[in-house]
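As structure tokens, here come the structures.
Consider the two complexes below, in which chain A is the common component and chain B and chain C are the respective partners.
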Partner chain A sequence: MFLQHVADGLLSGAVIGLGAIGLSFTMKILRFANFSHSELLTWGAYFGLIFFTIAASLGNVFDAPIGPLSFGWGMFVALIFSAVATSALALLLHKLVFEKLNRVAGHMTMVFASFGVALLLRHMVLLIFGPNPIYYSNELQFAVLLPGNVRVLPDQVFLLGLTIIVVFGLHLFMTRSRTGIAMRGVSENPDLSRVAGVNVSSIINWVWIIGASLASVAGVLYGLTVQLRPELGFGLILPLFAAAILGGAGSLYGAVIGGLIVGLSENLSVMIIPTTYKPAVPFLLILAILYFRPEGLFGERK
Partner chain B sequence: MSAAISKHVLEATGVVAGYRPELPIIHDVTMYVNAGEIVTIIGPNGAGKSTFIRAIAGLLTVTSGKIMLDGNDITGVPAHLMAASGVGFVPQTDNVFTTLSIHENLVLGGITLPRAQADIRIAKIYERYSILKDRSREKAGVLSGGQRQVLAVARALLNQPRLILLDEPTAGLSPMASGELFTVVRDLAKDGAAVLMVEQNAKAALRISDRGYVLAEGQNRIGGPAKELLEDPEIGKIFLGVRREKTNDRQKMGES
Partner chain C sequence: MFRKSMISALSVAAITLGGVGSASASDCTVKLGAILPVSGPMGQVGERISATGQFAVDQFNEAGGVKGCDVKYVLRDTQGQSTIGVDAAKSLVDIEGVQALIGAVSSGVSLPVLTSVSVPSKITQVSCCSSSESFTALAKEGKTDGYWFRTYSTNRSQAAMGALLTANSGFKKTAVIYVNTDFGVGLAKRYAADIVKLGGSISSMVAYNESQQSYRAEVTTALQGDPDSLFLVAFPVDGSTLTREWLALGGTGNLIVNNSLRSSDYFEAVGSKHLQKLQGYDSAQPRIPSVANFNEMFEERFDGPPNGPGLHSVYDAVTVVLLAMEASDEITGENIRDNIRIVTAADGEEVYPGPEGIKRAKELLAAGKSIRYVGATGGLQFDQNGDVQAPKMTWKLVGDENVETGYFTTEEIADLIKKLDD
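On to the complex of A and B.
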């Protein structure tokens, strides 16, 4: 039973970690807590549904399930197009709301504005797609039995594999590309980045694009392994913040490890406390990390 | 940017600037720097020395006046375009990216250049400052104060700037590290760059400078050859600590 909880924790932690990376970057580089970030997961998941449906209608190659998975190649098309569409949505929000407010208002105003944006985004999903849960695929899947009597679905193995690939790709981007290095530079010292020749506005656009793309991947993977519903992102808001704060604002690896810790803690907690108290676990983690190490596990101490 | 014939690399005329447009800190400041020249701005704390240099670097809004670089008007050019325009700026504090490696700091310094060209220039920087090459993979945060200044100057040099702005480069450095840094500054001028420096260590800075300006209460007070400023008894009293040194000497004589 313990190993099953560990496996479930790693799976939910992978989704939380992916979603938290963008939130963590926003907190560090844009210097505000963006409560609308979790809604990008919801929009990513529903964009994924639209493109998955379109791709599946194009032919059997896209529609027929790949091996033991519940989906065909259309899911890969959906993941890519969903990332593009969610990035466009994030850039639109940045240009219409956050960039303008940032020029004239303080950080608290930005935080409250993000609450408003979150409400708007969530209710737009409700209006367009309705309140009922939706599934990408109705294919039945059989769990694979792993050593230790752990059962996982093939889609969940795909989730974990894709998360590892995405994080590794992002690691290469952040350490090898000039844009990635500039993002890390802006996150540490925007003024010094400017005098070095970095176009900070362009880097901020990249922060939104990367954060939104990862949120959309996380949203699609959540929709794939659980279900799509308008409150998908709202339900993840606390675990996302817990992961970002736990890992340390601006830290890629911190967000991923923070996500895994949150996922594992939530799933392991049900062994000692009633399941109804499970959502309180991220709260406790936030309190603990803020008390003992406010900069987070991988954050820079000031 | 409009080109015009100018013998000065930097020519700032009647510059008014501050952190907020409605609250200017420097008023009507005029100065120039020629190629291969080291010019030091001295003055008391709060005189607006750093504000002036940050305004030239494009970090602050210039509400009035004109800043020309090699005859081109660069007034109001954003800071990120200044590097490519030929202005290298080394801030007083937080002048390296401590969480990035030394190599990554240099990569950022050459971000406006094509990658291949930036790589060639970074290789030249490594030839010039071997300490940076030897420790290129280490985080800049582990460097000493003097080594950080060298890295900050090296980063600014990647764009081969015509004008180098140094904001209190020896702040917090030991006398030996300060001396080494001044040697680096002299080499920059020898290579033909115009160097404009703000320095608290006024006497030492003026000794390696060609000219100097005295800024007080946000305005130009006096300007001239560095040697004359060093020998001016009034400036000595007010800005170079001569009176304090003499008092100290008298105290020492009394004690003995």
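On to the complex of A and C.
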């Protein structure tokens, strides 16, 4: 059973890691804790539902399941369009709320504003899609047995694979592209970057786009392997923050590894403590990391 | 024709005699509070229960209302949460001035409402659905002051039914996954004790918290020890997530589920074709005319049969309270509490649900007679703790159809419990 818990932990950790990257970047570059970030996962998942339904209605390869997976190529269309739509939503929020507030208000105001935005976003989903759980496919997918008596769903293998590709792609972007390098510069020192000729406000837009796109991918993958609910993101808010804080604000690999640690410790904890205490595990992780290494595993000491 | 003229003659008589108008002519209202979970993890079940409560009020109004006044059904959402439920009950009592509360559904909500609102404010509380044994214990200690009633039988019989179904199916090693509430914990513990006496065994007991996103860790834990069956105590939304994950991870299709999962929402979310080996139990209604009569009226109003938890019992909860109000000189929580005994008196004259039955009940009450309301759940007999006994039924799915597989009378249930408790 130990290996099964490890597998479950890695799979749920991968989603948390993807979601935490955007949160970690906004925390470092925009310098506030964005509580509405988890709602971008929800919106990403529901945008995905809309585009997936449209794509699947085209039939053929878009609808017919690929191999053992529960979905057709329509899911890739949905992933891309959902990332675009979620980015647009994030930029809209930035223009309407956070950019305006950032000029006049302090960090705490930003944090509380993000709470308000989160409530608004969540209840809009509730209003539009209703409170009941929705599935991309109502067909039940059965787990395949791997060596070591571990059972995983084919969709979850896809999830893990896609996560690795996305993180590697992002790594290349951050280290090779001009925008990526400029982004790291702004996160270190916005004023110095501005002097060096970096267009800071366009970099900030990029931060939102990357954060929102990854959130939407995480949301769709979560919806794929679990379900879509209006509280999808809200239920993940604590694990997301735990992962971002654990990894250290602004660290790409920190967020991913933080996510994996959160997922693993949540799932492994049930071997020792009753399952009812499982939701407390991220809390304990946050407390522990803030006590022993407040800058996070991969953060730099100030 | 005769009936119609009778009614108009009666109402004319009523107006000239007491100056009390019929329902349509009344300008006074009597409020009845309801605290039910119309959203949240039990929203799907709660919404239907709430609509049935409204239906009972409408029928009472059709029969002329309470003391000639229209009854207003004031509903507040508990979202299935105790804090919200207590706030809702407080506002109904303090601001709306209701003297009786219908609800809540979960025991975990009903209990704090009872102890922190109903008892201190002397408000009668009648639940359609709370089945925890904590209420019986509380009543025995004298802490409810008699303000607590329920039209739904307790956990005791549910656990016994679950264990009986498991044992009769020949399952030897059962995993138990249960909701971490007063209701779930109480039921699961009783079940674990009962199943051992019937020759089965428990492979694992796993509690889950409501409204979590995923239950993989819980399911993986419950799968330990290769159980040949699963006893699932859950509500439809989380229940679907759990069942999907259970089946997907290779869990057995031999499911025994509690009555809350007798819901088409649950069957659809999981997929009926995966639930063909599922079995369940539910409260049943005795095979008597009053029940058939209610079922007919319900079908006419809602275009479908009253299948689902709490529908019969909420109808009776509302009707009994309104009859008790009718029997009261002054509508206070205390009078309602006392008169519930008068309108369900064992030696009273029998009256039945529906506008006609209620009219007759009101005439009898006006003549100072005690009545025995035999309603949608059959003849209600509250014991000194406010509890009732009810027959049970067992069911399964055949295709998409929810089919009854057995029926157990109140006496048979009592015998079974006696055997298990020895």
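One rule holds for everything that comes next: the second predicted complex is superposed on the first by the 301 of 302 C-alpha atoms of A that agree within 3 Å, B and C clash if a C-alpha of one lies under 4 Å from a C-alpha of the other, contacts with A are read in each partner's own complex, and residues count from 1 in each chain.
By our rule, a residue touches a chain if its C-beta (ideal position, glycine included) is under 8 Å from a C-beta of that chain, and two chains touch if they have at least 3 such contacts.
Because the structure is a prediction, the values reported are computed rather than measured.
Within the superposed three-chain model, A:V117 lies out of touch with both chain B and chain C [touch as defined at top]. When the two complexes are overlaid on their common chain A, residue A:P279 makes contact with chain C while staying clear of chain B. By the touch criterion stated above, A:L264 is placed in contact with neither chain B nor chain C. Chain A is touched at more residues by one of its partners, and among chain B and chain C that partner is C.
Using the contact criterion defined above for the overlaid structures, shared-chain residue A:V256 touches neither chain B nor chain C, since it reaches no partner.
In the superposed model, A:Q4 lies in contact with chain C only, and not with chain B. In the superposed model, A:Q227 lies in contact with chain C only, and not with chain B. Those residues of chain A whose C-beta lies close enough to touch chain B in the complex are 178, 181-182, 184-185, 188-189, 191-200, 300. Within the complex formed with chain C, the residues of chain A that make contact are 1, 4-5, 8, 11-12, 131-133, 135, 138-143, 145, 151, 153, 222, 226-227, 229, 231-232, 235-236, 266-267, 269-271, 274-276, 278-279. Against chain A, in their complex, chain C makes its touches with residues 39-40, 43-44, 180, 206-209, 211-214, 216-218, 220-221, 223-224, 237, 240-241, 244, 247-250, 265, 268-271, 274. Listing the residues of chain B that touch chain A in their complex gives 57-59, 78-84, 89, 91, 94-100, 104, 107-109, 111-112, 115, 155, 159.
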